[in-house]
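Each chain carries a letter (A, B, C and D) given by its place in the written order, and its residues are counted from 1.
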Amino acid sequence: MFFASDNTSGVPVQVLDALARANEGYAPGYGADDAMTRVTALIREVFEAPEAAVYLVATGTAANALALATHVRPWQTIYCSRVAHIEEDECAAPEFYAGGAKLTLLEETDGKIAPETLARVLNDAPQGVHHVQRGIVSLTNLTERGARYSAAEIAQLAAIARAHGLPVHLDGARFANALVAEGCTPAEMSWRAGVDVLSFGGTKNGLLGVEAVILFDPAKAWEFELRRKRGGHLFSKHRYLSAQMEAYLTDGLWLDLARQANAMGARLHAGVEGAGARLVHPRGGNMLFVEMTRDQHAALRAAGAVYYDWPAPHPASGPGDQPLQARLVTSWSTTEADIGRFVETMQAAR
Amino acid sequence: MFFASDNTSGVPVQVLDALARANEGYAPGYGADDAMTRVTALIREVFEAPEAAVYLVATGTAANALALATHVRPWQTIYCSRVAHIEEDECAAPEFYAGGAKLTLLEETDGKIAPETLARVLNDAPQGVHHVQRGIVSLTNLTERGARYSAAEIAQLAAIARAHGLPVHLDGARFANALVAEGCTPAEMSWRAGVDVLSFGGTKNGLLGVEAVILFDPAKAWEFELRRKRGGHLFSKHRYLSAQMEAYLTDGLWLDLARQANAMGARLHAGVEGAGARLVHPRGGNMLFVEMTRDQHAALRAAGAVYYDWPAPHPASGPGDQPLQARLVTSWSTTEADIGRFVETMQAAR
Amino acid sequence: MFFASDNTSGVPVQVLDALARANEGYAPGYGADDAMTRVTALIREVFEAPEAAVYLVATGTAANALALATHVRPWQTIYCSRVAHIEEDECAAPEFYAGGAKLTLLEETDGKIAPETLARVLNDAPQGVHHVQRGIVSLTNLTERGARYSAAEIAQLAAIARAHGLPVHLDGARFANALVAEGCTPAEMSWRAGVDVLSFGGTKNGLLGVEAVILFDPAKAWEFELRRKRGGHLFSKHRYLSAQMEAYLTDGLWLDLARQANAMGARLHAGVEGAGARLVHPRGGNMLFVEMTRDQHAALRAAGAVYYDWPAPHPASGPGDQPLQARLVTSWSTTEADIGRFVETMQAAR
Amino acid sequence: MFFASDNTSGVPVQVLDALARANEGYAPGYGADDAMTRVTALIREVFEAPEAAVYLVATGTAANALALATHVRPWQTIYCSRVAHIEEDECAAPEFYAGGAKLTLLEETDGKIAPETLARVLNDAPQGVHHVQRGIVSLTNLTERGARYSAAEIAQLAAIARAHGLPVHLDGARFANALVAEGCTPAEMSWRAGVDVLSFGGTKNGLLGVEAVILFDPAKAWEFELRRKRGGHLFSKHRYLSAQMEAYLTDGLWLDLARQANAMGARLHAGVEGAGARLVHPRGGNMLFVEMTRDQHAALRAAGAVYYDWPAPHPASGPGDQPLQARLVTSWSTTEADIGRFVETMQAAR
C-alpha cells in the first residue's frame, strides 16, 4: 500500500528493455546519440511542434530550474502559486539557477491561480528601478494539490502573461496525468495554450529518471544547452536517457501509464468517499488529498499503508496535533488489491 | 514643501566642514585612515559595544545586502515583513548578495511583525532537504510604514529568532529617528535587544551618503570585509566616508538631527489632523501616511508640494483611481514655514 | 574501433541486472532507499573510512562542482592545473556552484602539478582584502593527459595545501584506473594521502551515470545535501543510482573493469609504439596521447576508427593544419580485435 | 612624500565648492537630479557621443564589475591581461557581478596585450558546449604597470575582438592620464577606437569617489540601471556624485589635473634616472615602477617616503628577500618639493 508518491514506483518492463537494447555497442555522448535524434523527432511529432528544441535531464528540479533560468534575468521575478513545487520543494533551485531572481507567490485555490489574481498582480507590479521586474509566469499541471487546469484555463492565464510581454512555463511533472484526464492533445495543453517552455515529466510516470525540457521557440536553445552543461546536467552516456524517453513515447506508452495511474486514482477516490472520507481538493488525476479520522489514520498505518500526512507535521508536534489529511498518490503500478486493502482498512476504522 | 523623502534633503554644515577638514594632506585608503579608527571607537562607545566590528558603506541597500549576506547561506531564507525595504525597494539586492537566498514575507501591521506571526512561521517551516532552511530575521525600525518598534518589542522578536538559533538584523535606515522617539539607548535598541547586525543609517538623517554596518559579534568581520570589497563597496578615498560619520557622531549631532526631524514630523502630524486628515499608521517619528481628500491632494500639488502618492499609482490609472494617501517625510532641514504652508493649503481645500 | 572516450562504452551485464533487481516493488526516494544504506557501508569499507559521508550524483561535472562548492566560499580560489577538467570541460560549473569563485591555473606537466609549483603559488598569493583568498587545491587522477599521480605524490601536494590550511579535492573520474595501475589501496590514494573530498568516478568505468562524492570529514555533509538538492541533483528514484554503485562495488567489479581497461591500454600502447608512433605523455592507465603521421591518421579514419584529434582542431583550420596527436581511450569493453585492427592499420600506413 | 597611490590624495577646491553648492535646497534622488542631466550632456559632448548612456558610481570596482556584467553572460569569459586590476585587485567582483563568469588571463608586456596574443587566444578558444564561451575583451589604459596604449593600439585590439563579435571594455581608472599623454580626443581613445563601454575614472584624478560608466551603445542602459540598483550602487543623494563629476568636466578641470599629475610623473622620472635608478616599464603617465638599491629604499623609508614595494613582499619574507622595485604614483597634488626631496634622498643613498 504505497501511496507516498508516484516516484516510489518502479518502471515498466518496456523501459528496462529499452535500456538493455541501448547498451549494445558504442555511442557518442552528450546528446549526440542517434536515439536522441529520434526522441527529438518523436516529441516534435507528439506535440505538433516541428521547430521545438528538446533536451533531456534527469530530475524535475533540474528541468524546472533550467527552463526558468533560461527565460528570466536575475533582476526579474517568477510568478507562481504559493504552493508551487518550485517554491516549496526545490530548496531555492530556481533562485540559484536564475542568479538570484525572486519568486512572487500568488494566492491559489487547489494549487490553481485564478486569472483575476494573475491580472491584478501583474498590473500592480511597480516597474521602477528599485523593484524586481516582471519575468515569467510558471504554472503546474496537475497542480501540487492534485487539481487540474483545462487547456482553456491555461490559455486564459497565458494570455494575461502575454499581454505583459511575459513568457509562460508549465511544470508538467504530471503532464501526462493531466492530459489524459482532460482528453486534449499535447499541443492544446502546451504551445497552443500559450506555453513557451514545458517541463515534460517522465520520472513520476514510469521512467527511472528522465524529464524533457521543450522549448517551443528554439531561439534560446543554445543558451539552454550551455546552462544545462554548466549545471552538470549534460550526461556523457546520454543514450540511457534517450532510450527511456524513446520507450516512453513509443506506442503511446506514456499515455497508457498515465491512464492507468488515473484509473487507480479514480478507484481510490470512490473508495475513500465510500469509507466516509472527503477530498480536500478536486481530483485532477492520480493525486488525492483526503481528510479522514484519527482512527482511520491509525488503522492504515498499522496495516502498513505508506503515505504523507498533510501538511507534514512539525517534528515537535504531539499526537493530538496530527493533521487529519493524507496525501495519496497512485501510479501506473498501483494495484486494485492495494486499493482494496486500503479502503477496507478505512471502512473498518470508520 | 519637499516631503518626498528625507533623502531629498541636503546635509548640515558640520558635515561639509568635516569633508573640508578631511581633505587636507594625504591619507591611506580603503579604511586605513585615522578617521576610521576614531569612527570605530566612537561607535563602540555610543553602542557600549567594545568588541563590535564597524564598517562604512555609502548606500542603505549595500548596508542591508552585505549585512544579510554575511549571515545567511544561499539555501537559507531571510524572514522579513511583506513591506520590508529589502523586499520592495532593493531590486533583489539581498538575493544577489546572498547568492540566491530567498526572502520569506511575513504578515505585518504598520510594517511591524507580530511575535505570534514570527513564532508560527518559524515553527511551521519545514526543514528537510527539499526546503530552504531558516536563515535570519530582519526587522526595520522605523518601519517602512513609519511606525516604531520599542526596544522591548525587538527583544521579544529576537528571542523567538534566538530560540531557533537564528541571528537578527535590524535595518536602521531611520534608527536615529526611532531611537530619540523611544528615548532609549543605542545599546538597548540593538544588541541588548538581541540584534546581531545593524544597518546604522546616516544618509537619511543628514549625511551625503554613509551607512555603518555594525557587527556586534566580530566573528564574521573578515568575511564582511571581503564581501564589501567584492561588492565594490570599499572606498579608496575612504576618509570622506569616515569624516561624515565622525561628524555625525560628534557632540550628538545625529541625535539632534533626528530630534529635529521628529519634531517637524509631530508638527506636521498635528497640522494634518487639524486639517481633517487622518494618519493611516501610527507615527513613530518623521514619516507620515496621511489619507486626505482629492481636493486636498490637488491643492497641494498646485501649491508645489512634493510627496509620494501612496501606494504609487499605476501608470495606466485614470484620475479617478488616484489613491488618497500621501507619504510625507520630514527631515532635519524641514522648516516650520513649509509645514505651515502645507497645512494651510490642506485647510483651505478641506 | 571506438577510442573516443571511455564514456562511449556501455555497461557490463552485472549493472543492468542490478537495475532490473532494483526495479522490484516500491522504494522511498531521495536517497532513503535501502540500497543506498548498503552503498554507504560498502564505500566506507572499501575506503576504510567509517565516518565518511557518501552521496551519489549522475555526472562528473555535478560531482566536482558540488564537492568544490562545499569547500570554498565565493571569494576564494580553486587551485588546479591549467588543463584540469574543471577548467577546460565544465563550462564554468565550479564557478557557478561556488557562487563566483575563481580558478587559479597552475603550470603542469602531463596534467600533473609539481610540488614546487604549488608551494610557490600558494606562498606568493597575496591575502589582503583586494585579493581572492586561497580556497582549495584540486587534483585529477588519472590526469587529463592520461598520466598518473602516485599516492606519495598526492600526499606531498596535500601536505603543502595543508600547511596553508587548505583542503584537497581529488577529481577521480578515472580513480579506479589510477588505483589498479598504482597498486595501492583506495585509502592510500585518498584520505591517507590527505584528500578531503573525492569525486569517485563510476560512469567512465562501466556505469550508466553514477559518481559518488565522498566527504572523508562528514562535517559538511548536510551542506552538501542541501547543495545537491538545490542543484537539481537529488534523484527521486534514487534506487537506480544506488543499484548501479552497489553492483560496481560488489565482488570488486569496479577493479576488474579498470584492470581490463588498463590492460587494453597497455596493449594499445605497445601496438602503436610498434607502429612507429610515440606517446606524448606517459601512460598512467587507459588513456593515450599518440603522435602519428598524417597518413596514419588518414588510414585510421578511413578504416572507421573513432577518436579525438588532439588538441581539437579549430573549425577554420585547413587540412594542412591538422594536429598530429590522437587521444585514444580504452575501456572495459575494448576488444583485442579492435586494437589489432587499429594497430595493423597504423602499421600499414607507416 | 606620498607616492603610494593617486587615491591617497585629496580633491581640488573646485570639487569641494561644487559639493557645497550642490547642498543647497532639496533635490530628487537616485539620479533624477538636475545636475545629472547636465553631467550626461557634458559627457556626451566631451566624448562626441550624443547617444551615450551615462551612469555614476562611487568606486572603480563597481564601475568595472557593472560594466562587464552588463556585457557578458555567466557562461562566458572576460579576456584581460594577467595583471589586470579586475583580476588582481577586485576580489573577484567581476565574477560576482557576472554571475560566475570566468576571466581568461592573457600574457602581457607592461600590462599591455599584444594583438597577436589576443588574436591567437580568441582563435584557439574552443566553442563547444563544454567550454566557456567568448564574452568580452577588457583593456586598461593607463595599464596597471603604468604603460600606455595609443588610440591606434586600442583600435587594433578592438578590431580583433569585433572580428569575433565581442564587445570591448576599457578600464579607464587613469583614462585622463592616458589621454593627455597621448594627445588625442576622448572619442579617439574610446568609441572611435572600438570601445563599447568605458569605466571613466574620476577618483584617482581628483574626485572624492566618482566614476562614470559610459555605454556608447545605449541598448543596454536599462539593464545597467537595474544592475546598479541591485548592486547597491544607486545613490539616494545622487546630487553629490553629479556635482563632483560636473566640476570635474567643467573648464577642462579633469584634463588640467591629469596634466599636472603627468608632469610630476615626468619630473620624478627624470629625477630617479638621474639618481641612477631605472624604470622597469615605460612610463605612460603618472605611475612609475622603479628599480633601485636596497640602500636607496632604506634611505627613502627613513626619510618618510610612502610607496609600495613591488611586488608586495610576502609577510614571511626576511629583509634579504625585499624586492628592489618601488611603485611610485604622482597625482594632481604632488609637489615639486616632495619630488625634490625624494630624488635628493635617492641621490644621497646611491
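A few notes on this one:
In this section, contacts are C-beta pairs under 8 Å (C-beta built on N, C-alpha and C of every residue); 3 or more make two chains touch, one makes a residue touch a chain.
Small disclaimer: the values here were computed from a predicted structure and weren't measured.
Of the two chain pairs shown, C-D and A-D, the one joined by more C-beta contacts is C-D. Relative to the C-alpha centre of chain A, the farthest chain centre belongs to D. Measuring from the averaged C-alpha position of chain C to that of chain D gives a distance of 42 Å. Computed centre separation for the pair chain B/chain D is 34 angstrom, with centres defined by C-alpha atoms.
Computed centre separation for the pair chain A/chain D is 51 angstrom, with centres defined by C-alpha atoms. Residue positions 74-75, 90-92, 96, 99, 129-130, 226, 229-230, 234 of chain D are each in touch with at least two other chains. Against chain D, in their complex, chain C makes its touches with residues 74-75, 77, 88-92, 95-96, 98-103, 105, 123-124, 126, 129-132, 312, 314, 316. In the complex of the two chains, the chain B residues touching chain D come out as 2, 4-5, 7-11, 16, 19-20, 22-29, 57-63, 65-66, 90-93, 96-97, 203-204, 208-209, 226, 229-237, 240, 306, 333.
Residues of chain D touching chain A in their complex: 30, 73-75, 99, 129-130, 133, 223, 225-227, 229-230, 234.
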